[in-house]
Amino acid sequence: MAAKPGSAPTTYSPSLTQKTRPPIFKGNDLDWVRPDGRGFHQCRPAFFRTGAVNSASGSAYAEFGNTKVIVSVFGPRESKKAMMYSDIGRLNCNVSYTTFATPVRGQGSDHKEFSSMLHKALEGAIMLETFPKTTVDVFALVLESGGSDLPVVISCASLALADAGIMMYDLVAAVSVSCLGKNLVIDPILEEESYQDGSLMLTCMPSRYEVTQLIFTGEWSTPDINEAMQLCLDACGKLGKVMRSCLKEATSASQE
Amino acid sequence: MMQVRPNLDYEGPKSHQHHRAFVFGFEYGFLKEKLDQKEAAKRANEQLGFVFDIGPNPWSKPATSSFGCKPSLVKMEYVSPEGLRLDGRRPMEMRQIRAEIGTVARADGSAVFEMGNTKVIAAVYGPREVQNRSQQISDQALVRCEYSMANFSTGDRMRKPKGDRRSTEISLVIRQTMEACILTHLMPRSQIDIFVQVLQADGGTRSACINAATLALADAGIPMRDIVTSCSAGYLNSTPLLDLNYIEDSAGGPDVTVGILPKLDKVTLLQMDAKLPLDIFENVMGLATEGCKAVANYIREVLLENTKQLEYRRGL
Amino acid sequence: MEVDREDGRTQNQLRPLACSRNVLHRAHGSASWYQGDTKVLAAVYGPKAGARKNENPEKACIEVIWKPKTGQTGKLEKEYEMILKRTLQSICILTVNPNTTTSIIIQVVNDDGALLPCAINAACVALVDAGIPMKHLAVAICCCVAKSGYVIMDPTKLEEQKMKSFAYLVFPNSVHSVLPEGSVQGEPMEHGIVTSVTHGIMSVDDYFYCLERGCAASAKLSDFLRRSLQRHPTDSSKAG
Amino acid sequence: MVGLSVGEKHFIQGGIAQDLRSDGRKRLTYRPIYVETGVIPQAHGSARIRLGATDVIASVKAELGKPSALQPDKGKIAIYVDCSPTAAPMFEGRGGEELSTELSVALQRCLLGGKSGSAGSGIDPSSLVIVEGKVCWDLYIDGLVISSDGNLLDALGAAIKAALSNTGIPKVNVASETSGDEQPEVNISDEEFLQFDTSGIPVIVTLTKVGRHYIVDATSEEESQISSAISISINRKGHICGLTKRGGAGLDPSIILDMISVAKHVSEQLINKLDSEIAAAEANEEES
Amino acid sequence: MGLPNASGDLSTEVEVDAFRRLFPLRFYEKHLSESIRPDARPLGRARDTTIALGAVASANGSALAKIGSTTMLAAIKMEVMTPSTETPDEGCVAIDFHMPPICSPIVRPGRPAEAAPVVSKQLSDTILSSGMISLKELCLVSGKAAWMAYLDIYCLDADGALFDTALLSAVAAFSHLEIPVVSLNDDGKIVLLSEEQEGMSEREPVNKEKRKLTLCSIPFSLTCILHKNYILADPTAEEESIMETLVTIVLDSSSQLVSLYKPGGPVLAYTSAIQDCIAITRQRVKELQKILEEAISVMEVD
């Protein structure tokens, strides 16, 4: 009645009057500050909680600054796609965004690229042979995007898998590094990501010290790669500890 | 009767910047007389031989291509007073055709077929086990076909999703046409997949796809009643035109696509949009049929050549 | 309380009704139902082997497909499908044909108000025509509440838009059988509501007033329904 | 995808261990590369690459567009890959979509560099701008897989490099200065074409780890033996312009660094080989 | 397990669980005859309800509502549109309800849940017909520009009473909504004014006064299950799947009936049952009003 169906007027979101915002750093200026005041090699405080969704077999919620993510794990359950017999299980991943996750209102559609990256980052850590003929579904929803979305989704998903009791070799921790001018900044926020010259995302199993997924963009020389990878590996190690303690807390809480 | 034979010795033009029509040029003189006395009489006044560099070339400049924009329907001259078409062909002249067998190494059978600037690849997989059990037919083979167009196949870059209505329709047409010539009863409970991929579209893709599919099926060694060949013809400026290109095709005039089994002398496919008086239709269809026969002869030669090569390789 | 209605009807008067069944030859059961200028065609296919999606080893499944007059199915159509499905599920005996699916297709021919009730009535007749086992019939009616508080029955589209609020109500048709009356607390069965959908603000008292009036009007509808079902399937029936 | 028996698997693995693969190659040798340019006449540039039984076509089309508000001084480049069902029946319908997206994303990452668009990109997007903030070229790069026998990413990368070398973009003259929001009028020249400087475009080298060894240019039989693979794009300067890991198993960081250095070594030869093939193909095209 | 006979003995617990799965209806009926539900609630009591305002920083207004474990996240983004010629001084509200695959095992990616469009329609009907928001308040420049409020509600965890929770989160998001200060620029476009600009800018903000919407007669809802003579308020997903007759009643703060929604179901609703349901809903509305007020006051203290 009040709403006129069928007529979708075109809308725009009002922008700031200033044409362009000044870039967060200038050229070769080495002593700029990050917008949130962190050091270059300092990650945002990470917050994890398992058991966020009751109706799922396992779930986790992660919050890194403004990046907020929920991951639910369902299964192992019957494969929906009529697949041929397989003696190992299937992992099915899906990442989607809410319409209000990004500063400009989006469509809230599936993110195919992230879905396949999530799959690749996790498959090496899961013991697929423990659930033959069945599927484990890992669904992620980015509630709010604040930069480094994919690493947060991956770390959160591995916690959700652990919460669901899926057998894994190790947790998977993921961290990304952005290259801005000559500086490497870890765990970039959205604004930094939009100015980056290059980026590196590394996912690893911290206890086994193995890399499950590695992605570079931009131009890198070998010493830069060494430095960035070491940075990520160290950060993953620390993140792994935070994730482990979150799991421990959850178990001790449920035992009480 | 004289054979209508494509000039096989002639190497095709390497550069499309100088695209010309030249195939069948002289040989078609005979066809014409046989086909249509009136047309032949009209044509008698015309000079014989080729006149090059006539008409705009739709392929020369992609950025300013007239290819993308449809020519207006109002009185456009598709046949010049000298009796030449926009690309310099005569009304009853076909574009150059070229075929190559075995282009997709991993397929059971494959072929490339070119008609002028239209270029398609066909690949055949099978006969093999039916993938979807519910589709299995107990007394004959299941024939499936998928037609797809490359993003770069048209003048304007197209961004249609896969499986739009046109593709589905052409897939169905190709499937039905090929099904009619394959001896499906010899391969019960099996499946044959025909995939055709259009690399360049310049009118007559339907025909080109059927011709390519025939070659690919033959290459895969699938038993057939006869080869199927196809060709189109249209009617513009009160002139029947053989083998329409894109501009002529999009003029909105009638477009008759015919597919025949040349040896059995049977028509398996006949499609026309727009209307045409019955007597003219007969002319146009006859013209397309002759085109089919010309294609058939060429395809036969290609297959023969291929077989000779195979023999040679086996050391026979 | 006299009310002027554009078509000269009184408050409680329904528009002319018309119903014919077995109108489609391929369908297992079909019916068309007219309420004034609102016309709906319903077709029933089934019971057929259960689709894998909604297989249920204990119960039959009912599936409703709503085809609007023009355009594509949107949220409104999805909602109507859901209401119809739940309503029909509650009047059919689902345990007789377990693991089957019965499809009901509703085609809107013309919408002039009270569309959903009209569709429910049409679907009901079509189900009978297809011989689907049912507990009882259902009759649906639309009641409108005006700003000044009076209530009118079976509104046209124009009236629907002018009024403050309206309610679609579905009542069971009384069962004439030897079985004990299925009622509670002494209320007759036809006073219970199968489905209720309201739109717009009304006071609670208004709603109960609607219920009362709707129930009374539904008796007329109920009679018509019964009469038209007793007739030979091919000849259509009309009522004023 | 490829069903292999245990014996066949051992044969392949054993061959790799002994540095003699089933088609007679060494671990770090590519199959012969055939380059053909200008295969799609209606595109601004195109090339076809054959690598054994792998056969791909890349085409470049430029359209006039408007630069994005965020980066008014840069044109837009997009890469789309399509897997034709002719290559494998499993690509039928929407079956090829997953692989197509994966390849498109990997190519974008390996060839177009970071979001700022300057570092690691094979083509400088600022060279595509005609009037800043108003008009620019949008470059659409389409890849099509016609026949597939492994190593699609390297082949597509090479095809795109060849297609870009083959590309001529018409010169555009801006008619007159316009102010405000109006779109300036532009004239597209028929005669003058601009060529890209393609020397900076990286090549993609995919190293597949089978057992303890790495191989390049794996066939699909070999790809089915993957424990993990890394695709690295390297430019002439020896800088890494992009990297993606494929295959699930975890790798020790030191192994990754080792693979990068091997890939660097391989890339030098590949770049030279590819450049000479492209030059030969171009010469061949001009001749005819 | 809130079972009276569950003495912590593992074997009985397993048996009870098996009984619950095999004979769910008998399991429930046993409880109902004792006037208690398996989660230890009396029949007429709703589950614990919480509201957290401002959960999403990137939206103009947002709220997270939880009833039991059913969780909904609602967020409003304001965009500018040109109003239609018939209503030049009215804005618009677009409401959409999403059920992403994370919320329930039934939903799979690519195929939206059946319930989502239905709840979506119900929500926009209820919110728009309740008159809670005056669309005139969304006007910026008559005939030129007006706000389009995009309200998106995401179900994060589905455990029954979806509509109730969604409506609660939507209402809470509207009460948290803060409209940005904007002004009209020379091109006739609406632009955002940042805080430091507000004072010195030569352009007058067009909506200095109208930063908050006045919400009159806020609707609240309660879903009940009718089963035999029992009325169960605020059902869980399990209860909804076993006992299929649902009645959703929406009342506004002045106890007017906004919607009475009973889509079929095997149990017929008699006048007396409806009256009972309305009475329970009245109480629940008071509860919800208090919870919302508390959430707002907590927000203001911060």
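Going in written order, the chains are labelled A, B, C, D and E, and every chain counts its residues from 1.
What we mean here is this: a contact is a pair of C-beta atoms (placed from the backbone, for glycine too) under 8 Å apart; a residue touches a chain by one contact, two chains touch by 3 or more.
According to UniProt, the chain labels map to these proteins: A, B = 3'-5'-exoribonuclease family protein isoform 1; C = Exosome complex exonuclease RRP46 homolog; D = Ribosomal RNA-processing protein 42; E = Ribosomal RNA-processing protein 43.
No experiment lies behind these values; they were computed from the predicted model shown.
Excluding subunit D, the assembly's touch network divides into A, C, E | B. Identification of common neighbours of subunit A and subunit D yields an empty set. With every chain reduced to the mean of its CA atoms, the largest distance from subunit C is reached by D. Compare each chain's C-alpha centroid with the centroid of every protein C-alpha atom shown, and the nearest one belongs to A.
If you average the CA atoms of subunit B and of subunit D, the two centres end up 32 Å from each other.
Here the spacing of subunit A and subunit B, counted between their Cα centres, is 52 Å. Note on chain placement: the centre of subunit C and the centre of subunit D lie 62 Å apart, centres being C-alpha means.
Along subunit D, no residue makes contact with two or more other chains.
Residue numbers of subunit E whose C-beta contacts span two or more other chains: 129.
Shared interface positions of subunit A, defined as residues touching 2 or more other chains, are 1. For subunit A in complex with subunit E, the touching residues are 1-4, 7-18, 52-57, 59, 66, 68, 70-72, 74, 77, 80, 94, 96, 98-103, 105, 108, 110, 137, 139-141, 143-146. Interface of subunit E with subunit A (complex): residues 55-59, 62, 69, 71, 73, 75, 77-84, 92-94, 96, 98, 100-105, 108-110, 124, 128-129, 135, 148, 150, 152, 154, 156-159, 180, 182-183, 185, 189-194, 197, 201, 203, 237. Contacts from subunit A toward subunit D in the complex involve residues 112-113, 116, 120, 123-125, 169, 179, 193-199, 204-205, 208-222, 225-226, 229, 233.
Against subunit B, in their complex, subunit D makes its touches with residues 38, 40-44, 46, 52-53, 55, 57, 59, 61-63, 80, 82, 84-89, 92-94, 97, 140, 142, 144, 146-149, 170, 188, 190, 285, 288. Partner subunit D is touched in their complex by these residues of subunit B: 14-17, 59, 61-65, 67, 103-107, 110, 117, 121-123, 125, 131, 146, 148, 150-152, 154-155, 157, 162-163, 193, 195-197, 199-200.
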